[in-house]
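The structures considered in this document are given below.
Two complexes are shown next, each including chain A; its partner changes from chain B in the first to chain C in the second.
Presenting the complex of A and B:
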């Protein structure tokens, strides 16, 4: 165990074990994978466990209306929807875009600054400790250039880290993507990468998880099988042999 | 009813009876030339049976009525204030956006749904077309001014709305007058509007060595090139008057 940095337990026991106690506090972690690999579920569970421990969560929804998301959310045995609504703030970013007049397809540097300021303001005012942005890829789409994406992620994660916030950035990966993110920049500037994938084995499609990178802690880089259950996400080591990995 | 009066006797004479029913007129002029005043005089010159609407985009409704009162013109017209409508729906939103961008969204506003959304979808051109489509013949439409619409909407959208208004006017045998400030637009807009309308008037306040010379022209009259001409105009306590330029031709 390295105790140099304070840990934020994800609440997913096996993942906390892989990370030697949890995500180092203040880290910005890319949760990356293709559709249906469990990115949103993992991120919500991270917020739910935070809320249970008294840490306010902020879920910034970019692509899906948070109301719809709440409806479809699996019913955890250990946490009710009412408690989720109390401990986690759900914000639809299109609402914020509208309020800030950001209706152009491509954001300016000024837009980026103002967007960061407003996210930081929410975090401060509600004393948020865990943030999820789902997805960062959709924001990157409106930033367009690598410079702007880098600027946005670096400045946002720095500001949130200074406030003691641990952040998950959900990244959508197309099967054609090289590396761990759509634009390549996201993975370079984040403190950690958790890769979710699909694995076909003996006719079954299994979900997999691997911690590729995590600053501030040693960690296993093994691949685990991820199971979504009513008691939360379960991870078991992937037994070697057979099967083909898909991103 | 085959012709309607412009409200200016000499102009009616020059047009050889006024404006034919079903015609759409463009009045363009430089700022300060008096096109707004012409628009008011024209709207108040309607016959009792003419359903008349005056669509203003820049003035307060009271100011329109007061100005008409000062010249002793009839004020029994309907005034539709699109400018105020626009202010309520769009500018208020713009002001709030600039406040939010400068100071951040207040905490109590963050979780509240965006209040301007429904209004935003209300298209100002649709509002214009709707008001006009409600008119029953005979009618008289005045739009002061087109500048406003070109300022907030795509040129092609405005032009297609004008085409619609023109068709409605033509088919229902009404008359329509649009004002437009010259020199503000790319020539494609100017010529786009000029192509749609049947009659074009221009008003120019030209500076001379001794003062101003006010020139009124009938620049276009569909199928009647003989009615085109240049005149002098002036402001009197009863409104705009027009006289022939003796020595020209």
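Presenting the complex of A and C:
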């Protein structure tokens, strides 16, 4: 069954092993977790590996100017400025809002349509195959109702999937959150959920990763400890013998 | 066995394996020196030294005194951070914040292997006794079992050092469980 869907390798070897080869092509995946857990780094690495494989990437920055983001980004051994210029398009969403006259606190259904049309236009124009929206939570804030959030994510996912795009939606979680997304809707309409966390064990703080759900593939649901390094994200299984606490 | 016999025994190994060395305190430094020299000189093998007993800087100084080339030696230092003793980092050293962060020891080893080692590596854990001070036995045995399995999949060796005077029955049971062979050195 795992061979039915074409895979998009994230390029993070251990994560691709967990997913039996990668994310099923066309899936929309929620990359969710609290601050400092590695969501943006993982998403960028997904785009960088895509660019290295000749797949154009689109990074839509909602909360942080992409220029600042690139300055603070880890210096990967396999990462170069030329690669960014050639393989990844960085767009700051406030510029799109400005261009479309959408500088308002609450979006209507028409606004949602216009926003999706514009993202799709960029994807078509540059033949983009990997998309990251960082973060979806900030867009959801302007949609305000569960119905509109659901409508936005479903329409966007469908449109991008039809274009052969695999999409990562970065979702901000409060450390105290019970579910996998701030509004509760994002997790229900996404094809996959990759949960990143901070785990405290006897005073040590470990970064963790767990694939909670991924449509179109069997996968491990175990928890892994994550390290962000210059050669990319590395993972090892979480040892179960310790008394730990999730933050 | 004595150091010369250990040297002879090490030369006989051809396949990646997991080795426990229970050494007396008096032979401890000679054992480290021998492992470094034997595994790295003239061979296409890298040595990753996990220091949980003595800071990597001290091990490095000892090797320097004995004139052992460190070109193919990397350190995963688990003790210097804890002692707030990481003034300047060396190119061949990565630090783990505490010897209780066992997963991070595996991650840093994986990092060195992926980044620097194309062929076989020997990973020396110095020592299981020090790790046992900071971790309970259940998580320590789970760690060593996983670590050994991971290294075997990378065609690499693991050498677990134990200090005879500090080794409990429980420690020896773990070593015997995860090692293909345990050697006693005096």
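In the analysis below, the second predicted complex is superposed on the first by the 242 of 247 C-alpha atoms of A that agree within 3 Å, B and C clash if a C-alpha of one lies under 4 Å from a C-alpha of the other, contacts with A are read in each partner's own complex, and residues count from 1 in each chain.
Heads up, the rule we're going with is that contacts are C-beta pairs under 8 Å (C-beta built on N, C-alpha and C of every residue); 3 or more make two chains touch, one makes a residue touch a chain.
Values in this document were obtained by computation on a predicted structure and should not be read as measured data.
**Student:** When the two structures are laid over each other on chain A, do chain B and chain C clash or fit?
**Tutor:** fit
**Student:** For A:178 in the superposed arrangement: first (chain B), second (chain C), both or neither?
**Tutor:** neither
**Student:** For A:206 in the superposed arrangement: first (chain B), second (chain C), both or neither?
**Tutor:** It touches chain C, and chain B stays clear.
**Student:** When both complexes are superposed, which of chain B and chain C contacts more residues belonging to chain A?
**Tutor:** Ranking chain B and chain C by residues of chain A touched puts C first.
**Student:** Between chain B (first) and chain C (second), which does A:96 come into contact with in this model arrangement: first, second, both, or neither?
**Tutor:** first
**Student:** For the superposed three-chain arrangement, provide the angle chain B-chain A-chain C between C-alpha centres, rounded in steps of 10 degrees.
**Tutor:** About 140 degrees, rounded to the nearest 10.
**Student:** After superposition on the shared chain, which partner residues are touched by A:121: those of chain B (first), chain C (second), both, or neither?
**Tutor:** Only chain B; A:121 stays clear of chain C.
**Student:** Smallest separation in Å between any Cα of chain B and any Cα of chain C in the superposed model?
**Tutor:** Checking C-alpha atoms only, chain B sits 36 Å from chain C at its nearest point.
**Student:** Tell me, which parts of chain A touch chain C in their complex?
**Tutor:** Listed in rising order, the residues of chain A that touch chain C are 77, 201-204, 206, 225, 227, 229-231, 234-242.
**Student:** Would you tell me which residues of chain B are touching chain A in their complex?
**Tutor:** 94, 96-98, 100-101, 104-105, 107, 109-111, 113-114, 116-117
**Student:** In their shared complex, at which residues does chain A touch chain B?
**Tutor:** Going through chain A, the ones touching chain B are 89, 91, 95-96, 98-101, 114, 117-118, 121-122, 125-126.
**Student:** Write out the stretch or stretches of chain C touching chain A in their complex.
**Tutor:** 97-98, 100-104, 106-108, 110-111, 114-115, 136, 138-140, 142-143, 146, 150
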